[in-house]
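Okay, so subunit A shows up in both of these, paired with subunit B first and subunit C after.
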Partner chain A sequence: MVKVKVNDIEVDADPKDNCILAARKAGIEIPHYCWHESLSVVASCRMCLVEVGETKPDGTVAMGPKLVPGCQTPIKEGTIIRTDSSKVKTSQQMTLELLLLNHPLDCSICDQAGECYLQDYTYKYGKAHSRLDEPKIQREDKYHIGEQIALFTDRCVMCTRCVRFTREISGTAELQVVARGSHEEIDVFPETPCNNKLAGNVVDLCPVGALCSKDFLYKKRVWWLKHADSVCTGCSTGCSIQVDQNDNKVYRLRPRENPQAQGHFMCDEGRFGFKYIHDERRIKYPRLKNPPSNANATVRSTAPSDLSFADPWPTVLAEARKRIHSAIQNDPSGFVVVLSPFMTLEEAYLLASYIKGIDARTKLTLGPVPVVGSDDLYPKGPKGESPAAGKVKFTIRAEKCPNRTGIEAILRHFEGSVIHAESLGKSSASAWFVVGGSSSGWVNEKIDQAVGTPSLLIVQDIFPSPLSERADVVFAAGSFAERDGTYVNHAGLAQSTHASIRPPEEARADGRILMDLAGRAGLFNAMALRKEIGTKIPELSAIATGDLGEHGVRLAKFANHTAAAKSS
Partner chain B sequence: MSPTEFKPVLLGRVGKPDSQSLATYRADGGYEALAKSLKMANTEVIDLVKNSGLRGRGGAGFPTGLKWTFLPKDVQGPIYLCINGDESEPGTFNNRVLIEEDPHQVLEGIVISSFATRATTAYFYLRYEYGRCYRALQKAVDEMYANNLLGKNILGSGYDLDIYLHRGACAYICGEETGLIESLEGKRAWPRIKPPFPAIEGAFRRPTVVNNVETMACIPHIINHGAEWFQSMGIPKDPNNPRDAGSYGPKLYCISGHVNKPGLVELPMGISARDLIDQHAGGVWKGRKAKAVIPGGLSMGFMTNAELDTPLDFNGPGRVGCLGLGTAAVVVIDDQTSMVDVLYNACRFFAHESCGQCTPCREGTAWSTKILERIREGKGKLSDIDLLMEIANSIGTIPGTTICGLADGAAWPIKTAINKFRGEFEEYIKSGRRSESLALAGAH
Partner chain C sequence: MSDPKKNDPQKNEAQMNKPSAKKSVKWGEAPKMSILDALYLPAIASGLATAVRHAVSGKATTRQYPEAEPEIPPNYRGVHRLNRDEAGRVKCVACYMCQTACPANCIEIIAAPAPKDDPHWKDRDKFPATFTIDELRCIYCGMCEEACPVDAIELTSIYDLTGMTREEMIFDKEKLLSVFDETVKSGQDPVRTNRGNLGPAAELSPTAKDAPPPPGRGKSG
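Coming up: the complex of A and B.
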């Protein structure tokens, strides 16, 4: 650590920091466009120019004669950074005026308005009027630049973050700068649009409204969006994300910086893969075969095929509890629970402790762990080859579920070992409690056959499956955006996810269903449950603090695992 | 040595029959310097060049020997020497004559410099437009390979060197040393941020020296005649200024513009602009007077008639507000020419050649061109003059707002034109007249 002074505020900074990072530690913003923590330094936008000096051994301060880019200038013991001198302010004003010269100022129809660095910096550091008297350069918009991205060419400030991203992170190098001087544009070669699996990130990287997501384009003004910290459930990387919703509808997912998990980015599979949560085919009502005669069995006209009730849950839960108890009484070792790798730790814990609490001879198993192909590593080489070990900057994992590691820890605690439900053989038990949670295709042939037609089948899922069709009890569960809880990624990083929307119709978040089923008092509280799990299960003791922070905590078993972003 | 008794050194063989061939070059004592230096230690060659006070002829005037010493001492793997032949400063044509007329002189300098810097490969970056140069060079290089002056074990010394000719693609920015390196590597010629400087990490991330063609041409003569001989020409160090490295040796002055006899003359450093025009270029044409003179390529800015007695050495132009000596390309502008038109052409050139990397240069050069365009249409406002000055003062490396010096080169013509000819601009704007003269064709 070295001591630096930023506008007279003394602060301890890492000697590897540049001026921008050091100033950030002092709570001072140095405006910048082209610099990004995970990309190479080009120092070309010249927005971050500051005065830098040093303290001489005799205590005098010597300021450099010229302004220097904060992004490129390293710090050392005694470095003095000034961001508030008139020299710096004049330079910031001029740079902003120059950046806005050919900018169309179409904020009123621009998707970025509200989270645009041109707007914010102009408000904070710029001036109100432009002195340009001449016509602006107008450029064609480029909708063809990628399947998911559109380029509004004249809004671009030529920071080249997007170009560097495709060269340094995805390695696919589709984007480039064409022409020269003030006629420069971002473009792709004809017939080679920017369609790599990480392409959506250039929209987040773009500090202005030049690169927009076609999926989100003109859907919502960003200031109406409410944000919740969450975790992507698309693969076992477990990217930290932010879910942006309004009025119970999710509009977009964006990566949330987490050096412990994935770094700054996320893949398009995860980014655009959330649409299923608003799918009409979702299970929206709990179902009960042969309801008790005293139940208020008014069938809902909106969903005639569902055996649903005006207030179905108390009846369904009571009946389910009754049937579970009697099934376990009849054949304790023939009662099998299938936990899915899409469950949170809390949910798995609630269900496991409930069933094992009735009879320890019941069997807990792990459901199918979906794996597609092999891990997809970035940056790609010139021929599309994977990077060498140690050079990996982003991984889309083959394991397409968020919490296998966590569920296995729960199973080891309650069952002693991890039994795969698929390996149990045909019709191997008399009663089944199967929890799903995947967007599609999770119930495969093996698990279907293993379950067969038992005397009791309880299914908790979000989409209909062959199992839910023949289930005696169906719990309409919640998607990832509707649940609070904890996921443990491939590298043992436990991250908390937060519900951002309510489940549709009568569906309920899994945690709430299981609390009620187990008859536990109170509301579902992920924090309290984490503390309980952490104290009871040694392998998961790291989460005993309850609050996992925004970056999560790593399980002791994985302590040697270096953070994904650091290893690259 | 007074200019009158000066015998051309670098241009000594220009005009002789078949001056491009190896045979005539050898007959005139060529490659003796190479043989001599190959027998010396490479550090001795560096010391000799250092002692001669030779400063780079490309524009910045950085001491050549000192530049060579910046290379890391114990480096594993190759070192590269890049020859900057991307001569694109408007008004400059000295490299062209040197290469076209006497390629072996330049190439001998390159081999000696490569030996001194321990480079095993030299890249000759030549601007695309110089087709004759390219052919002359290629022929000369082929002759050298055939005569053991290049390739393995040069002249039995055990020293190996390969030279590659690389033709650019017509961009001014490729004359900036790191832009040149990027272009050489096959990338967009965006100058690099420094540090690291090329001597530490240059072409292909290896230690690299970038030198100008004329600098190379001086090297064999320094080896042959010694440092003292070289220092007998030019303007000595200012004893009152410890940072002055002096302006020694012969220099090629390119004279163009409104003179009777434009061309290339070689003189000891330090002749005044007035003497150069009157004695060596036949005076200003049509009996007119010079209104302004560009001392060393467009980016250096303008001198007024009253400032013409300034010596054209490395320090002279700076004393009258110009950026420096630059490439010593003297362009004369007569008193019938509007400075508004001249400045417009200058701005148009730099706006066209700005690489577009840094915001101030990319937008500032284009904006100043637009403003001057409007003034030339008779729609100027008096406030435009201050606006132009503000733009000029906020771009470039000397305020610290860009990566390379192109923006300084763009700013200096604006600064000097407005500072020295402000009245003319005001009068032009007030009169509301439209400029009839056409913009120079082929400003790019």
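Coming up: the complex of A and C.
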């Protein structure tokens, strides 16, 4: 640690920090466009110019004669950074004025308006008016950049963050700068559009509205979006994300910086793969085969299209509870619960403790863990080859579920070992409680055959499957955006996710269903349950604090994983 | 951004009921009435006198509406219109500023990319696919007009808006454009229209050259 003075505020900074990071530690913002923490330094935007000086051994201060880019200037003991002098302020004004010379100022139709660094910095550091009287250069928009990316060329400030991203993080190098000087433009090589699996990140990286997501284009003004911190459930990397919704509709997912999980980015599969949560085919009502005669109209109607406002849940839950108890009484060892790796820790714990609480001879198993191909490592080499170990900057994992590690810990606690439901063979049990939660294809042939046609089949899922078709009780569950809870990623990092929208129609978040089913008092509260799980299950003691923070906590078993996770 | 505790209505109410809680608030007292005021007789007499004076003066002020239409001040805020640009397209660029500014939540826009293949729309990026104003919900405050960066939405001086159903009082894009066509034809343009032809979010309109310079421009330039 070295001592640095930023505008007379003394801070301890890492000797590897640059001026921007050191100033950030002092709570001072140095505006910047081209610099990004995970990309190389080019110092081309000139927005971060600051005055830097040093303290001589005799205590005198010698300031540098020229302004230097804060992103490129390393610090050492006694470095003095000034961001508030008139010299710096004039330079910032001038830089912004030049950046805006040919900027079309079409904020009214630009998707970035509201989260645009040109807007923000001009407001904070710039001038209110342009002195340019000449007509602005207008350039053609480029919709050919990629399947998901549109480039509004005249809004670009040539920070080249996107170019460096495709060269350094994805390694695919599709984007480049063509021409020179005032003719500079971002473009792709002919017939090689930017369609790599991380391409969506260039839209987030773009500090202005030049690169826009075609998927989100003109869908919503950003100031109406409400944000919830969440975790991507696409693979076991468990990228920290932010769910942006308005009026109960999710418009986009964005990566949230988490050095413990994935860094700054996320893959396109996760970014655009959320749309299933608004799918019309979702299970929206709980269902009961052979409902009791006193059940209300909503429960009895097969397609609840008639206007029946009676709440079906109390009847369904009471009946399900009755049937579970009688099934366990008849054949306790024949009652099998399938926990899916899409469940949160809290949900798995609620269900496991409920069923084991009735009879310890019941069997808890792990449902299918979807694995597609092999881990996809970035940056790619020139021929598309994977990087050497230790040079990995981003990994899309083959295991396409968020919480296998966590569910296995729960199973080891309640069952002693992890039994795979698929390995149980055909119709070995008389009653099944199957929890799904995947977007599609989770119920495979093996599990379908293993379940067979038991005397009692309870299915808790979000999409219809062969199992839900023949189930006696169907619980309409919630997708990842509708749940509160905890996921444990491949490296044992427990992260909390927060509900951002309500489930459709009569569907309910899994935690709420299981809370009611287990007859526990009170509402589902992930924080309280985490404390309970942490104290009861030694393997998961790390989550006993309840609040996992923005970046999550790592389970004790995976403590040595920290370094590996940082590199990926 | 604002502290939620500060805006807690219950707390505010409690403060209002306790005048001593905030010293900066001055609480006025109702003026005391004299015996003469308390009788009300002088007030009744002066009221009667006014009525009789008007009745015998011969200057009847009854307006013969609807046979004779009243003169409406030119800055009256009545029914909205959506302006067209020189090419006859809707001027609105679907920036949602009016919808954001609207205190009554009566504007609903759905934006779409402009049909770029159509040469008629070539220079436009975004346009409103639908633009709906609930004229019943609107409070005619004129904030939409003020917020509009391209002078697309305006309040006309049409005041006698009637309808048989609620549905027909919800104006869609076509209806709002037809209000423009009508008011332009009849010369009933609102006074606020004559601000020149601002392009989509243009920094300075051509006519702005004649206008006084914006604050700060003279010195810094």
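Side notes on the structure shown:
The definition used in the following text is that the second predicted complex is superposed on the first by the 552 of 568 C-alpha atoms of A that agree within 3 Å, B and C clash if a C-alpha of one lies under 4 Å from a C-alpha of the other, contacts with A are read in each partner's own complex, and residues count from 1 in each chain.
The criterion applied here is as follows: contacts are C-beta pairs under 8 Å (C-beta built on N, C-alpha and C of every residue); 3 or more make two chains touch, one makes a residue touch a chain.
Given the structure is predicted, the values throughout are model-derived calculations rather than measurements.
With both structures placed on the common chain, the touch criterion links A:Arg46 to subunit B but leaves subunit C unconnected.
More subunit A residues lie in contact with B than with the other chain of the pair subunit B and subunit C.
Of the two partner chains placed by superposition, only subunit C is touched by A:Tyr218; subunit B is not.
Of the two partner chains, both subunit B and subunit C are touched by A:Arg131.
In the superposition on chain A, A:Met94 contacts subunit B only, with no contact to subunit C.
In the superposition on the C-alpha atoms of chain A, the part of subunit A touched by subunit B in one complex and by subunit C in the other spans residues 131.
Those residues of subunit A lying in contact with subunit B across their complex are 41-47, 49, 65-69, 72, 90-91, 94-95, 98-99, 101-102, 131-134, 137, 157-158, 177, 179-184.
Residues 104-109, 113, 127-131, 141, 152, 217-219, 221, 223-224 of subunit A touch subunit C in their complex.
Against subunit A, in their complex, subunit C makes its touches with residues 93-97, 100, 111-113, 125-126, 149-150, 200-203, 214-217, 220-221.
Against subunit A, in their complex, subunit B makes its touches with residues 171, 188, 190, 193, 351-360, 362-367, 370-371, 373-374, 381, 387, 390, 394, 397-403.
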